[in-house]
Amino acid sequence: MKKLRENPALLSLVIAVAAIVASLWLLANPRSTIPFLLTLGSLLAALLQPIPKWLKVLIGGAILLLVIPAAGFKNSFLFELGIQTGIYAAMALGLNVVVGLAGLLDLGYAAFFAVGAYTWAIFGSPQANEFMPWKIFPLPGEYFYLFMLVAVVVAAITGVVIGSPALRLKGDYLAIVTLGLGEVVRVLANNLDQPINFTNGPQGITPIQRPPIDWFIGLLDKFGLQMSKAEAYPLYFYLLVLVIIGIVTLVNIRLDRSRFGRAWIAIREDETAARAMGIPLFPTKLIAFATGASFSGAMGALFAAKQLYVSPESFTLIQSIMILVMVILGGMGSIPGAILGAATVTILNVDLLKSASDYLNDLRNAGYTLNLGFFKYNFANLPNQLEPAKYERMVFGLIMILMMIYRPEGIIPERRHVLEMKKEES
Amino acid sequence: MKKVFLALALAFGATALAQGNVIKIATVSPLSGEQAALGEMIKLGAQLAIEEAQPYFEKLGFKLELAPQDDQANPDVGVAVARRLVTDPEIVAVVGHLNTGVAIPSSEVYKDYQLAMVSPANTGPAVTDRCYLNVNRLVGRDDVQGPAGAEFAVKELGAKRIFVVHDKTTYGQGVAEQFKKKAEELGAQVVGFVGTEEKANFQALILQMKAKKPDFVYFGGIYHQAGVLLKQMRERGIKATFMGPDGLDSSKFVEIAGEAAKGAYYTTVAGPIEKYPKAKAMAEKFEKKFGKTPESFAIYAYDSANLVIKALKDFVAYAKRAPTRAELSMLVRQTTLDGVTGYTAFDYKGDRKKADYFVVHLKEAKYPGEVVKVISFPAPATKCEAIK
Amino acid sequence: MLEILIQLLPSVLLEGLILGFVYAMIALGYTMVYGVLELINFAHSEIFMAGAVAGAEVFILLKGVIGNPFLLLALAILIGGAVAAIVAILVERLAYRPLRKRGTTNRLVPLITAIGVSFFLQDLVRLIEGLWHNAFYRRYPSFSVFEATYTLPNWIGVLTILATLWLAFWVIAYFGDWLVRLFSKKERAAGRTLSIVAAGLTLVFAFFYRHVIFADLGMTIQMKSILVIVVSLAMLYGLNWLVHKTKLGIAIRAVAQDAQTASLMGIDPDVIVSRTFLIGGFLGGVAGVLFGLLYTLVHPYVGFIPGIKAFTAAVLGGIGNITGAAVGGLVLGMLEMLGGTYLTFLTNGAMGTEYKDILAFLILIFILLFRPQGIIGQQLGEKV
């Protein structure tokens, strides 16, 4: 391992070969979990290990833009996984600004997601006719892109509205107040079906318009790919999410290195010292809050279009907590960490744990007998109460506990943090 | 380009797409989290039906299997599960979901792959009003069950001042709103219409009832809330008649409410066991196999699975192969079943053509109660602009 | 409508009081742990749940064996508390202590651990209950003794109404005075003047509404609610005594102030933290049993909402402060009950019972903006 690291050429070669092998394996078996994980692993290795930049771009581009879409033709679940990962990654990046950089514990982050989702859901469906005099809704799908921007603005405004009282508080008080305000948004979404029907309450809003993709299908056709709308939409959303993640990441990197980024970190590290340095605490915090919120708002609009349906059930406290978990698992304050944290949690939750229970279920259906010599167990006898699908969340909880014990700084710690640790050691 | 990929894939020996003779029916419902008790019933009901049918398919050389999935009552997870299911070629039909909020986005995915879905629990009108060819439901719609209950409450029981409570879910609020609408049409006065997500302390509602003095209380929701509410109401001396939808159709309702359950009413499409020998046989088998009585959605799931199985049997016996999804979808819509919940035939949009609603009266605090009235209601028609 | 509001007032406040005591009991556990470790022990709601479920098991198992319901309740409380205490200690030992040993300074890390513990415990209890009973909803049996309802004498209700009216008029008078001072150079009115004005207004009001106030107010309370109040008061006093009067209490406070210095004084912080979790867990378990007795149904996911509310109560009162937890609990309970009952009437059904939590949270924010340290909490100087 050490040898590898000292020899960049060899390292590059190993990673490139690994990426190719894993990709080919995935293309051959688009529905198996292991090659998919290996592919992602090689992508991760390529991005994190010290190899030439052009190779990183090449491997990353090839896997994200060629291998996964190609495998996705056979297994559209990969697109869904990619889209969900992307949505959560963007939100984790947004929350990373609030929690990771500025050190403000926000437990109501899903509220902004809800605001974004409802912004497009209400106007991109007949719902708006309920309270608007002009019966012109749903707006055609082209407006979706405009409403992503609107959602950004609305979410940022909500961030300011929620943040103005909340950010005057500190630490755990801030946590509980954001938690409460997050709940307030959900309860409002659940109850604003009367006296005037804004959100249709628990019934949710459906159907929501999607951006038209005839041009995209035409484009694919030119490349010799004939696809129906049903097939093309997942691919389109997948690519759209990739683009957005790219933009969000760039914005994040710029922010991180900007005056604001440094001010946020200063506040996180020592509020009093930051104030002494002339950083205006409240406005700086508020900007962090609104910035984080706006990312979430954009993804909310995308979520609404992808799901075709929005209801308050999607924006619970658990959702906020999960996004926080992504940020911290990935490594607070670290941009690749937030993306990786989102990917880990999403893939674990909707793929790995499910695959594990499907596998156990197959074993049971097949009546497989586990034979360890001293211990024999026939899976056909697995009682209903031990149904593996029931305990996915329990395993997830355990993973969280172990992760915090053995790697509390997250999967990819923030670079500043690593540098600090090194300094302390020497 | 697609050809290149395909060639690549073939070159690597893509044999993952099993062409074997395994046929899987999936159940999707929350198996973890707070709603797991309800979700599990869906799984168990379907499991029983599938296990009963396994010998038949074995004789024909097919292996019928259950693929239970957990949607965690979360739309994101639901859609992800749906995507997983449609990519597994062995899966031919879905029995699920529990929550309408999860069912709607998930069925958008099933629709794209023409995967047949039979819902044992989603009562929201929107599920079938989208006129998808593959989406069917066995349970009654909110806009059928609510009015049926209201008709009985006002006409038979003479309810005048009605207090309506619901649980702020798609199901509870939906059915409560329809109840309210019909009751008002029939001339009763709705003195309160309150939603609450509360599960333990209902005193705020009870105090409102004390002030409004209703003679009838309708609860739109499920037994674990209804039981606690009813118990607390009686403890605090609210004597109004209590009624609810089929969410109350469970021995747990009586167990939780205790003596307070005496005199309560509920509407359900599940036939009373003494009238339907099939239901009795099913309940006994269920209890023997899983050690508990079939509650709430178990019988609907059982019938849903049986309906799919009946369609499958017809197809497999005739064609000697597993059906494609599109074939099965078409077939499921046509299939009729004389099941535990009565006679099922789907209309053009996947609702039951006509559902018999039984009004059950718990004369003693003992489950099941006595059927006091049968109300027949056709599903309301929707204009399907274009069959998609 | 005003008549209805006035007539309901004593009952609403009484129910709020009972609910408030339930919150207060759970809040004690949060506050204890926070006071010592400055850690939001999110898993406390699951410790509470463990106690509630264990209590249900005791009730169900021993119902036929022990005839005396009070003895049975005492046993359930002890065993429920003990189970919860054991769970709490295990959680501390296995999940939190390794974090402390690593010297993690980031305060979010233990929070994530706590959430993980929460997920884990919920489904663990479900697994155990599922394997044992093949079901995981447990119902507390009914006992006629506990459910016996007593009617409170009318004068209590009348006094409550008068006191509330007086308080309301006092606030109105205060703001009236403030308004007058905005436009003139009048001196600030003395507290006594305000009180007298408020008393006068109350009397006038009471005279005009005498047919409402002196009517039958129908305040009732159940034996189990009385038990909740008695037990939670006992817990509050016991805990206050323990923290302020015993050696363990002194040690706990010492560790809370400065663990390192405390260890120089011969106190093992690990032992103290462990005992803090034991006490907090026990109290949580007792609260769980009483919760089950009051509201009948318990299950592995029962802890989440009361836990969040109780945590809010602890913050509202001033986290880390025992009296604060009680005050916060009572304020939150009353607010919730007032909002839950009155909002429907006040908005004519447009904003129903569901807005009670919104109201409670808005008032929480309002209070925290003016008293960021909570109602009772002390303002700590910032460490530089």
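In order of appearance the chains are A, B and C, and numbering begins at 1 in each one.
Rule of thumb we're sticking to: contacts are C-beta pairs under 8 Å (C-beta built on N, C-alpha and C of every residue); 3 or more make two chains touch, one makes a residue touch a chain.
Note that the structure is predicted; figures quoted are calculated from it, not measured.
Between A-C and B-C, more C-beta contact pairs are found at A-C.
Each chain gets a centre from the mean of its Cα atoms; the one farthest from the centre of subunit B is C. We define each chain's centre as the mean of its Cα atoms; on that basis subunit A and subunit B are separated by 32 Å.
Rounded to whole angstrom, the centroid-to-centroid distance between subunit B and subunit C, based on C-alpha atoms, equals 38 Å. For subunit A, residues touching at least two other chains, in rising order: 190-191, 384, 390-391, 393-394. With touch defined as above, residues shared between interfaces to two or more other chains in subunit C number as follows: 123, 126, 134, 349, 352, 354. Multi-chain contact residues of subunit B, defined as those touching 2 or more other chains: 32-33, 36, 168, 195, 197, 290. Against subunit B, in their complex, subunit A makes its touches with residues 24-25, 27-32, 70, 73-77, 79-81, 84, 190-191, 201-204, 206-207, 223-225, 230-231, 307-309, 311, 313-314, 349-351, 354, 357-358, 361, 365, 384, 387, 389-394.
Remark: subunit C residues 34, 40, 95, 98-99, 102, 104, 106-113, 115-124, 126-127, 130-131, 134, 308, 311-312, 315, 319, 349-352, 354-355, 357-358, 361-362, 364-365, 368-369, 372, 382, 384 touch subunit A in the complex. Residue ranges of subunit C in contact with subunit B, taken from their complex: 4, 7-8, 11-12, 15, 19, 123, 126, 134-137, 139, 142, 147, 149, 218, 220, 222, 291, 294-297, 299, 301-302, 305-306, 336-337, 339-341, 344-345, 349, 352-354, 356.
On subunit B, the positions that touch subunit A within their shared complex are 1-3, 5, 8-9, 11-14, 16-17, 31-33, 36, 40, 43-44, 63, 65-70, 72-77, 79-81, 83-84, 86-88, 99-102, 104-105, 108, 112-113, 124, 126, 130, 168-170, 172-174, 195, 197, 290. Interface of subunit B with subunit C (complex): residues 32-34, 36-37, 168, 192-201, 203-205, 207-208, 210-211, 224, 227-228, 231, 235-237, 252, 255-256, 258-259, 290-292.
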